[in-house]
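For reference, the structure is listed below as structure tokens.
For clarity, chains are labelled A, B, C and D in written order, and residue numbers in each chain start from 1.
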Amino acid sequence: MSILLSKESRVLVQGLTGREGSFHAEQMKAYGTNLVAGVSPGKGGSTQLGIPIFDTVVDARRETGADVSGIFVPAPFAADAIMEAAAAGIGLIVCITEGIPLYDMVRARAFVAAAGVKLIGPNCPGLVTAGQAKVGIIPNHINREGSVGIVSRSGTLTYEVIQGLSQAGVGQTTSVGIGGDPILGLSFTEVLRLFKDDPATRAVVMIGEIGGSDEEAAADEVISPGLGKPVIGFISGRTAPPGKRMGHAGAIISGSTGTAASKLKALTQAGAQVCDTIEEVVAAAAAAVGQPSSAVHR
Amino acid sequence: MSILLSKESRVLVQGLTGREGSFHAEQMKAYGTNLVAGVSPGKGGSTQLGIPIFDTVVDARRETGADVSGIFVPAPFAADAIMEAAAAGIGLIVCITEGIPLYDMVRARAFVAAAGVKLIGPNCPGLVTAGQAKVGIIPNHINREGSVGIVSRSGTLTYEVIQGLSQAGVGQTTSVGIGGDPILGLSFTEVLRLFKDDPATRAVVMIGEIGGSDEEAAADEVISPGLGKPVIGFISGRTAPPGKRMGHAGAIISGSTGTAASKLKALTQAGAQVCDTIEEVVAAAAAAVGQPSSAVHR
Amino acid sequence: MKFLEYQVKERFRAAGIPVPDGRLAKTPDEAALAAGALGPIAVKAQVPVGGRGKAGGIKLAKTAADAKSVAGEILGMTIKGYTVREIWCETAQDITRELYLGLTLDRDARKPVLILSAQGGMEIEEVAETHPETIAKLHPDPWRGPLPFEVRDLIFRAGLGPLQAQLTPLVVKLYGLARTYDALTIEINPLALTQDGGLVAADGKLEIDENAMFRHKDLHGTDESEEDPLEAEARRRRLTYVRLDGSIGVIGNGAGLVMNTLDLVSREGGRAANFLDIGGGAKAEVVHSALELLAGDPHVKGILINIFGGITRGDEVAHGIIDASRDLNLKLPLVVRMTGTREEEGRQLLREAGITPEATATGAARKIVELATGAGR
Amino acid sequence: MKFLEYQVKERFRAAGIPVPDGRLAKTPDEAALAAGALGPIAVKAQVPVGGRGKAGGIKLAKTAADAKSVAGEILGMTIKGYTVREIWCETAQDITRELYLGLTLDRDARKPVLILSAQGGMEIEEVAETHPETIAKLHPDPWRGPLPFEVRDLIFRAGLGPLQAQLTPLVVKLYGLARTYDALTIEINPLALTQDGGLVAADGKLEIDENAMFRHKDLHGTDESEEDPLEAEARRRRLTYVRLDGSIGVIGNGAGLVMNTLDLVSREGGRAANFLDIGGGAKAEVVHSALELLAGDPHVKGILINIFGGITRGDEVAHGIIDASRDLNLKLPLVVRMTGTREEEGRQLLREAGITPEATATGAARKIVELATGAGR
């Protein structure tokens, strides 16, 4: 069991013929992902990595039954690619592209919401269901099958946690990088709900960071009512400066939410086990699934 | 019984303080309509015709429970007024205003559809449920309670039919002018479905005209499968010139539909009784409800 | 409101849609100058109607001398009632293929529709009839407009995939123009693929929604001088008027009522000279204005007024008609059918003023046909 | 990218948002000329930071002589690290009430948000904290933008009903500007109600989404000279850099990883000199560029590099670091924590090159704090 992605998922890649797209599609295929199609307008009819390329997502879906799309197209075209996938009836869209303009993304986000489709990202590493399939750029070799679910806003910190757990002999069900952009698809709340209903997942690691209040929302909406399994929380950016404050307007909107203190407090009060370092996260997750960590070695 | 509007309907008028709005609101009130509010931005807090005026439809609905709105605001602002009513949760919107720009109207139409709200018009005379309530500009004195439902794209032809029937001693349930604009709210199909389910309506008069293919659609979708009561059809514009053809594009889109011949054929084939003149329509409707017309006198 | 070809192309160019280089000329000498500057040119009559080519209003000229002589032939021609006063002289194009790209309103879909075909040119309507599969359509969401992926899909469906990179921005720009100008219709036909692989708008149409003119006040009158003078006058009087080819002037309130009146005139063996809708709620001044307009049309041999008195009372309408026909010193046969509020009082007033009142629309139509044509039935 | 007040006001004016008349001056004499032309003026330091007023960067001048002397005081001032080189001289306003109107992105709502308050001015943030009911918000649909009826409702909710006719188009125009410029934030604060009942943008802010700069190539560098030079240099190098006030330079890949590294440095008693994210997939040239940037900052007393080798192999990253520090002749203490693919090989290479490798991020943070501050724990 797992969430969102499995060996049966039929995956297409938008932008497969590009440099990033072709490299990562190859990695995805090497991991065992059921890669069925690529989409590159104007290259329909060709093949790459032994996979048929289509001009449009509609064509690709009709011909191959693809139900998941990984998006690797450049930022100026990525929001359009997301909407193309949503309009074509793709059920799960994973957008790796970073640097999408915010107004493009608020529009794409509204489009996807109206279509009732799941979006992960953008500016995210994607997701891996350990031992089954991968959509995105999480390094193949760090994953290990097991019972910890991971959901994270940070890419490289996700890798750190996965690697730390795997090295400690603790495997994962699905690791989901939801992305670090201000405008995101799936939130912590939505992913945690999926983990709640996944019997294979016995503990969940949640890596948040400052900004926005999705962590606070998740604490209220899904951790506090009870997930039925341990949640190990971590927030990065405790000592980061207020950063680029968006004038008065940003302060008016966010008030005191969005700070590390606010998030740590919300998670603690909701009953999550909050850790100070990634090493502690690994140890706590190992303990939660009854596998005392041998890590923090080196 | 009746459709869409009854004595219980709580009606507000947008643009009540304007010249047209105040005149027709008074007529509506005189007809017995349960007029509960007016909306005129900036005039909130005042009263007119003994009715409270609000700045916004949201306010009016919250304070008075209005569920039907009649719109009399000038054309440049009418599409906005329609959307305001839809966003505020008004269930039936009747837009009398004529001359709304088409791009404004396609947007308002899409907005209303997304909100799941009923719109009648624009550029329509509105509707009367005889003896109960009126929203719009159909002259009060011509209506008479009875069992014929009327649905029409033409304003003055609607009056002709209502008056003709009433003078012949044949009353109406509800008379609905759906409007003559290219972009409309409720179609013939939708209104006919309502008449189908209304036990008080024993026959329906449908007044179409050239252009578009809503008459053909109604013939296919609701008359042909059987309305359970007689439908008397009439199409005006049989000898009208093709009129303002919208370049090649219009011809490509409409092909041979939209002509009087196409509509007459569709209605006849669907089983409607098609008449040549309004006098014949009146006689046929009278006969259908078992009340031999004394009209076509003078 | 319609525009002439060169006016449409100016707007295409401003929006970034490629058009051939060209110059407007009003004399043969100006055409010669244009050919001198541009090389071989097409000389095109500027009239707001289709079928110019078949009427001899478009000719090629290789040299300045050719241009002068060709321009001399075209200037002053009459095409479907329009005198050619201006010609558009544009670089002759080496066209390898003619596409079609247009936008109009699809009233059944309640949305605008973009239409693209690989089979453009003069015969596009026939193509649409006989080979509908070669016509690709896109109904953009009216709030979002055509999204790039939807446009790509349209292009691939039209079998024009290889032109996708060039065509996509062109479709988006055409839609943008349609929105900017509140276009009922905007067309590029033919959209020409030239020898060098470029796309160019070889001809264009643009018609603006009259209801949206309050947003385009700067455009008022751009091409009014080119229109039917009676239609232009009707527009100035804010009357909904369409010229027809019969002899009976028809005035009524409400489009459906007027159309029905035309039908009745036809049933009685007559032919209407026009469609004239004075709108709901007949007012005396409007009746006056409408009567004046028709009285000035030499084709009109009789006038039929068909009014439903709803809010307005019949006696008031009758007074309006009586005053107007007296002021205008109207000599034409006039039949009035008036019903609704206080119809009897109105009819009595008309009778007293010597104007034939009729109780039924059918009767009124029969009467005016008799009076205007002398042909009773 | 941020704009200076006068640049924002130029854009307001072009969009039809009323602003006071004003002139830019770079010398006291120019300020005197402005006062001569405009009458009593406000002389305002043009720096891309808030709090100018409290810092003495805004002064009133009634006469040309006043203006010259006041301008002499303000020009050359340093406000929050920015030297005042330009002053904006604008007609002094007779303000009866200060409103607030702004737009930013509400990340929780995943939408832009318009904010309107009858209690504008310097204290708007406090007002939002203490009297949230005086702040009215509108989240426009990102496709439709704010519709007139939504804007009216916003205005009535803000208790500004009597200003509705003036305010509605202003809100719509502000949103239009935000879209045109891909604004992360756009503000009019105060939006001043003047003695004569007019509304005028007395001050304005505009910050553009860096990700959308490809749509605004003409705006590149508009105000770059005014920025922190190191941040400007980082932008040119396409590095995500934020200056902080400590002494330990931090380089990492991924925002979360870098933020976490700052946290670890802080836990170990140090303070970071910067946030520097070289992005996912560390490449040798980027590491080189980042090291060079930090090596040029006199506040930096030591550098910590924290890299997760995902796709890129650890030994490649190590080579990049070694080459860069040799090319730059780096004398500062340097600690590298590298994990992921081929981490052992990478560490071996670093050790051989005399660079301290660390296995854990915590250990690396402790080490660099020791080395850079001499303060072990």
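Just so it is clear, a residue touches a chain if its C-beta (ideal position, glycine included) is under 8 Å from a C-beta of that chain, and two chains touch if they have at least 3 such contacts.
The structure displayed is predicted, hence computed values, not measured ones.
For B-C, the equivalent interface within A-D, A-C or B-D is the one where over half of the contact pairs agree by residue number, namely A-D. For the pair chain C and chain D, the distance between mean C-alpha positions equals 55 Å. Per-chain CA centroids place chain A at a distance of 28 Å from chain D.
Residue positions of chain C touching 2 or more other chains: 141, 143-144. Among all residues of chain A, those that touch two or more other chains are 107, 111.
Contacts between chains form some other arrangement here, matching none of path, ring, star or all-to-all.
Chain pairs recorded as touching, per the definition above, are A-C, A-D, B-C, B-D, C-D. By the touch criterion given at the top, residues 141, 143-144 of chain D touch chain C in their complex.
Only residues 50, 100, 102-108, 110-113, 115, 124-125, 128-129, 135, 137, 141-143, 179, 182, 184-185, 187, 189, 205, 207, 209, 211-212, 214-215, 242, 244, 252-257, 259-260, 262-267, 272, 275, 279-280, 308, 310-311, 339-341, 359-362 of chain C touch chain B when the two sit together in their complex.
Listed in rising order, the residues of chain A touching chain D in the complex are 23, 27, 75-76, 98-104, 106-107, 109-111, 125, 137-139, 141-142, 152-160, 163, 180, 182-184, 207, 209-214, 217, 236-241, 243-244, 246-253, 255, 276-279, 296, 298.
Contact residues of chain A toward chain C in the complex are 41-42, 44, 55-59, 77, 80-81, 83-84, 87, 107, 111.
Chain D contributes residues 144, 147-150, 152-153, 156, 161-162, 164-165 to its touches with chain B in the complex.
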